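Chain IDs A, B, C and D follow the sequence of writing; residue 1 opens each chain.
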Amino acid sequence: MSSTFGRLFTITTFGESHGPAVGVLVDGLPPGLPVDPAAIQRDLDRRRPGQSAITTQRQEADRVEIVSGVFEGLSLGTPVMMLVRNTDQRSKDYDALKDVFRPGHADYAYAQKYGFRDHRGGGRSSGRETVGRVAAGALARSALATVGVSLVGGTVRVGDVEASHRNWDEAEQNLVRCPDAAAAEKMIAIIEHARDEKDSVGGVVEVVARGVPAGWGDPTMSKLDAMLGAAMLSIPATKGVEIGGGFGMTFLRGSQTNDVFDGERYETNFAGGISGGISNGNEIVVRVAVRPATSIGKPQVMAKAGGGTEKVAIEGRHDPCICPRVVPVAEAMAAITLMDAWLRQRALRGHDR
Amino acid sequence: MSSTFGRLFTITTFGESHGPAVGVLVDGLPPGLPVDPAAIQRDLDRRRPGQSAITTQRQEADRVEIVSGVFEGLSLGTPVMMLVRNTDQRSKDYDALKDVFRPGHADYAYAQKYGFRDHRGGGRSSGRETVGRVAAGALARSALATVGVSLVGGTVRVGDVEASHRNWDEAEQNLVRCPDAAAAEKMIAIIEHARDEKDSVGGVVEVVARGVPAGWGDPTMSKLDAMLGAAMLSIPATKGVEIGGGFGMTFLRGSQTNDVFDGERYETNFAGGISGGISNGNEIVVRVAVRPATSIGKPQVMAKAGGGTEKVAIEGRHDPCICPRVVPVAEAMAAITLMDAWLRQRALRGHDR
Amino acid sequence: MSSTFGRLFTITTFGESHGPAVGVLVDGLPPGLPVDPAAIQRDLDRRRPGQSAITTQRQEADRVEIVSGVFEGLSLGTPVMMLVRNTDQRSKDYDALKDVFRPGHADYAYAQKYGFRDHRGGGRSSGRETVGRVAAGALARSALATVGVSLVGGTVRVGDVEASHRNWDEAEQNLVRCPDAAAAEKMIAIIEHARDEKDSVGGVVEVVARGVPAGWGDPTMSKLDAMLGAAMLSIPATKGVEIGGGFGMTFLRGSQTNDVFDGERYETNFAGGISGGISNGNEIVVRVAVRPATSIGKPQVMAKAGGGTEKVAIEGRHDPCICPRVVPVAEAMAAITLMDAWLRQRALRGHDR
Amino acid sequence: MSSTFGRLFTITTFGESHGPAVGVLVDGLPPGLPVDPAAIQRDLDRRRPGQSAITTQRQEADRVEIVSGVFEGLSLGTPVMMLVRNTDQRSKDYDALKDVFRPGHADYAYAQKYGFRDHRGGGRSSGRETVGRVAAGALARSALATVGVSLVGGTVRVGDVEASHRNWDEAEQNLVRCPDAAAAEKMIAIIEHARDEKDSVGGVVEVVARGVPAGWGDPTMSKLDAMLGAAMLSIPATKGVEIGGGFGMTFLRGSQTNDVFDGERYETNFAGGISGGISNGNEIVVRVAVRPATSIGKPQVMAKAGGGTEKVAIEGRHDPCICPRVVPVAEAMAAITLMDAWLRQRALRGHDR
């Protein structure tokens, strides 16, 4: 159950980076919804390694097979299992890392937790696990679209280069998925520079959900903020999350940050569309802090399993900045979170929205 | 189930701000642990309204009654229900607010969600709900102490005044609970200034857990980061959370933020003690963004339930800065999260830690 | 979480037999439903000890206090906590039993599980725990009534005396709650005979739910049969459960037990109203096997905690047959199960039923 | 989540009878345990259709692929996904049944629940779903064996022929899996007779777990009886379950059914090894009522989707008695239930058993 996210719309991912396949089991998708394999594939392609010069060069076609839960193009209301075979596993690249703990990685923590681990490519801790999230997210997005909810996302900061505006149409036009085309160019330059130095850079990814009616999310322990927080911080390499005004609004005063509302429109959106844990009708805005990728080519000091340290350069194909590939994952996790909140609200009120 | 936090150590809070009582039901506390009502009361007193000049003047003794699950001073392993009676409810103060939606508050979202609400003092959305969290957290802290895990916390920023160091012994010596006594004085000045202007200020609260062994927390959906994120963002008035280096480390490079480890000690703690979602043996560090309190005395424009707006000043007794009272709540939620992770690890490995 | 039943309509009971109180926390009751304390009390009175000559003479008024979740007579949609204080605890009666394990009771199993137990009146294993179930069940019944679902129940066998018909109006007219008034007299005679011999007798309780529309319950792991099975077998002193034709239909053939259906009416009800785990529009029928009460006045051989055995007569006030008091508990658990299935179906389909 | 069984050791099955595959996702298997594909296959072969003259003649090799969670023959502690491809789907056989509701089947209930269904071979309601249960059960059995817990099972009644003894070694030596070889012959004769008349017969399956230490299972809502009850009644075609003395002991008196215990041994086992919901050190005994298979070749009256009825004979390959194939499924579900209880007890006490 530790690998499951959601209560009514649940996703459980499975698979190791260098095992036969990765995938996801989705339970709770309502029946009768169109399921379009092409739409799922489209999101997977946005997450795919090797998609551009600034992502890892591991080549995976990431072709999805829908194994269950769909009949004649419609969801059955039964579990949907989706599978993506691993093909380009260069497990040999990892032989040298079998007995060391890479800094920043989960190697040591896994070894201590399980007493045993699949060292090849990080095994279960690999970002490859997110394939299943994206596939599940595509189902959630299609379902949400039927009630007018849509999501957009992009990279809004890399290093110290920040997007100055949010033109979401621009986001998919550049390699870094930035909603500010001019900033995107500078971001790409920073990433290429880090790549050339066998290093990596961090950044911030933002997701916005539009059309969410007021009333989704539950008070206290299942606040929409809390569920989005868990969703985002479950994505590998994330170390922070903020809703609406986030950390920035803690510098201000209540008289500035209480979003004035006339019953129809809000003047501001410091709450990020969520009040008391419940959607308030405003756009939902969430940002996630993406750390510099821990896999870098530079030689680093590593602890050895048997004791002592060693300076090792990690061979393999790395992402110099994970942000562009986190974008579809963060969108997927936000969609899954909203899907779950939507179904809960249907249970509570007994009507569609 | 929406009001429940945790999987193996679960807490469910109940109660409205102006109802007969608030409290918590804790399930999953292992048997045979000493339960000290005085320790619970101590934490409740740290959360209590009216404790100082910079908190709300609502007076609640907040006396806890342990109703079940304890026998002859020891936990039975059965559900522990704890109850705190509400006494100083000036429900009349809220009559004027029955038909308006206070800006920044959950009033409108609740009305849309439930079609019906208890308007008195925010009902269920009141910060008073956190009484149960603190009582449950005290049980978790006692239990964690038996395996050498302890937690400290404090206010590390108010407005733009930041603590320059973490001397946790100082934190309980000043009204704002800041681990830097000099900064505390400036923070208090800022808070008093806002209070005098019938306004409020925001800030940041930090919690540190010491002694957590490597191996707690689960990969993917139940990462310790994710669980702490949900825990923190379930606290009223929070809009952001970060672990270790958080948003700050996104300005840096991987070669700077990969915490070098020699098998025993880490040189840095950008990971905040969590790698791949699992504790790595370092101190666990989490910070939460606390928005300026939404309840302010200044007149504000409010939407009326029947349509239109009105300018109203909210009578009542407000906290000009919630940070000092969030500290024990954030500590409690962190303790509950770690307690849950500990029990999961016991299940996984079949030994004590 | 072990003390929680249900997924969307969840109940968690708490309290020890000789502790300060017993009660229940209900989460997931939809908002805006009338909550009538008198209706709750009515069901509690049907479960109450001391209600007749054939029940235990422990005297408990069992007055319920609704602590949260209700405002101006309506459910808020927030957790409902209900409390019943224990008053007539003759804990002294149990001093002699502190160091022995009563046969048939949970004493030994608890001691092995927890390493520690509240021996007074069985502590948590006491039938007194069911107070909370009945209170929660009353909420579920009221809610179900709004969509035309009602439940009846009664004792249909005691020892070898079986009810020959189901006249549910008769059930509440006799002490044993039998839907066959003539059989009831014989049942009472059997019970009195056992009581006079300081012994106890077993029986069977049946619950029927009417008006459940087709479509409630989920396939595979959450079949309505499975949920009802868990609900019934979670009631103390039950050792069997059957749906519809149950064990009896295993003597027959498929051509006899496939309930013929013309699209509106079923000719028979071997399926007990559930096909493939989902309600099929027929009446839902569940029966539970109630063992002879384990508490008897006759001297019995008991294992001593320190080793060896002893012959002891259990002092105290016993139920010679638990069936009459199980009836309201079984109805409550069936109502809670259906309530949960109803809300799940609302989530799945997005409309009221 | 409706398709998930268990809390700490969770299984989620997926797949439709005539879809590409069926399978299971297991989460919570502790790390470092040997996983033997041959042992899994062995149990699958016991469940396999076409294994004998008295089972359906659908031919499925049921070859299992372990997709994740296992590395170098050992469990990783991560999700184990196992897949079995469907091969012998004669979907055409079901064309005639597309617009009728087969009596006794879930067709009508599914149509009402989902508004849409996969009619081919029952889709998700097919017994084929149990493939995943058996595969997951094999993992649980291997894990339980490491602490000395083993399970046996068999058919103990078919129609009115009852096994007179339990010689479990005999059970796998006859087609009906009866622990009484002489009774087995009579059972087979009954089954063949029903088959020849295009009809089906019911029966009872029993599972016994040995070596379970006292202390597994939780009080109140997660009693071992309740969890086993849910486990058994989640198996297709079951309509009753009993523990130990079950319905039979309700004819007796407390002085007869209170299992006398001397601190080491029990004289009887009316409790079926469970007291107060917790294992008491005795053998755990559970029996499940298996209805006569609903799929029969005899012409039957069926409701038509558009209204009216029709007399139709169901073509296809049917099981005249499901008991022999339910045996491995019931064993698997019992093993999964005990596995979950074991891990819960490890969490509670922090030691291995």
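Just so we're on the same page, a contact is a pair of C-beta atoms (placed from the backbone, for glycine too) under 8 Å apart; a residue touches a chain by one contact, two chains touch by 3 or more.
Computed from a prediction, not measured in an experiment: that's the story for all the values here.
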item	value
Contact-richer chain pair [A-C vs A-B]	A-B
Most widely separated chain from chain A, with each centre as the mean of CA atoms	C
Whole-Å separation of chain centres (CA-atom averages), chain A against chain B	26
Approximate Å spacing (C-alpha centroids) for the pair chain A, chain C	45
Multi-chain contact residues (two or more partners), chain A	1-4, 7-8, 12-13, 28, 31, 77-78, 113-115, 124, 219, 344, 348-349
Interfacial residue positions of chain D with respect to chain A in the complex	1-4, 6-8, 10, 12-16, 19-23, 25, 27-28, 31-32, 65, 67-69, 71, 74, 76-81, 83, 113-118, 123-124
Complex contact set, residues of chain B against chain D	7-8, 28, 30-31, 77-78, 219, 343-344, 346-353
List of chain A residues in touch with chain B within their complex	1-5, 7, 11-13, 101-110, 112-115, 122, 124-125, 129, 157, 159-160, 194, 199-204, 213-223, 225-234, 236, 238-247, 249-263, 270-272, 274-281, 289-296, 298, 300-304, 307-309, 344-345, 348-349
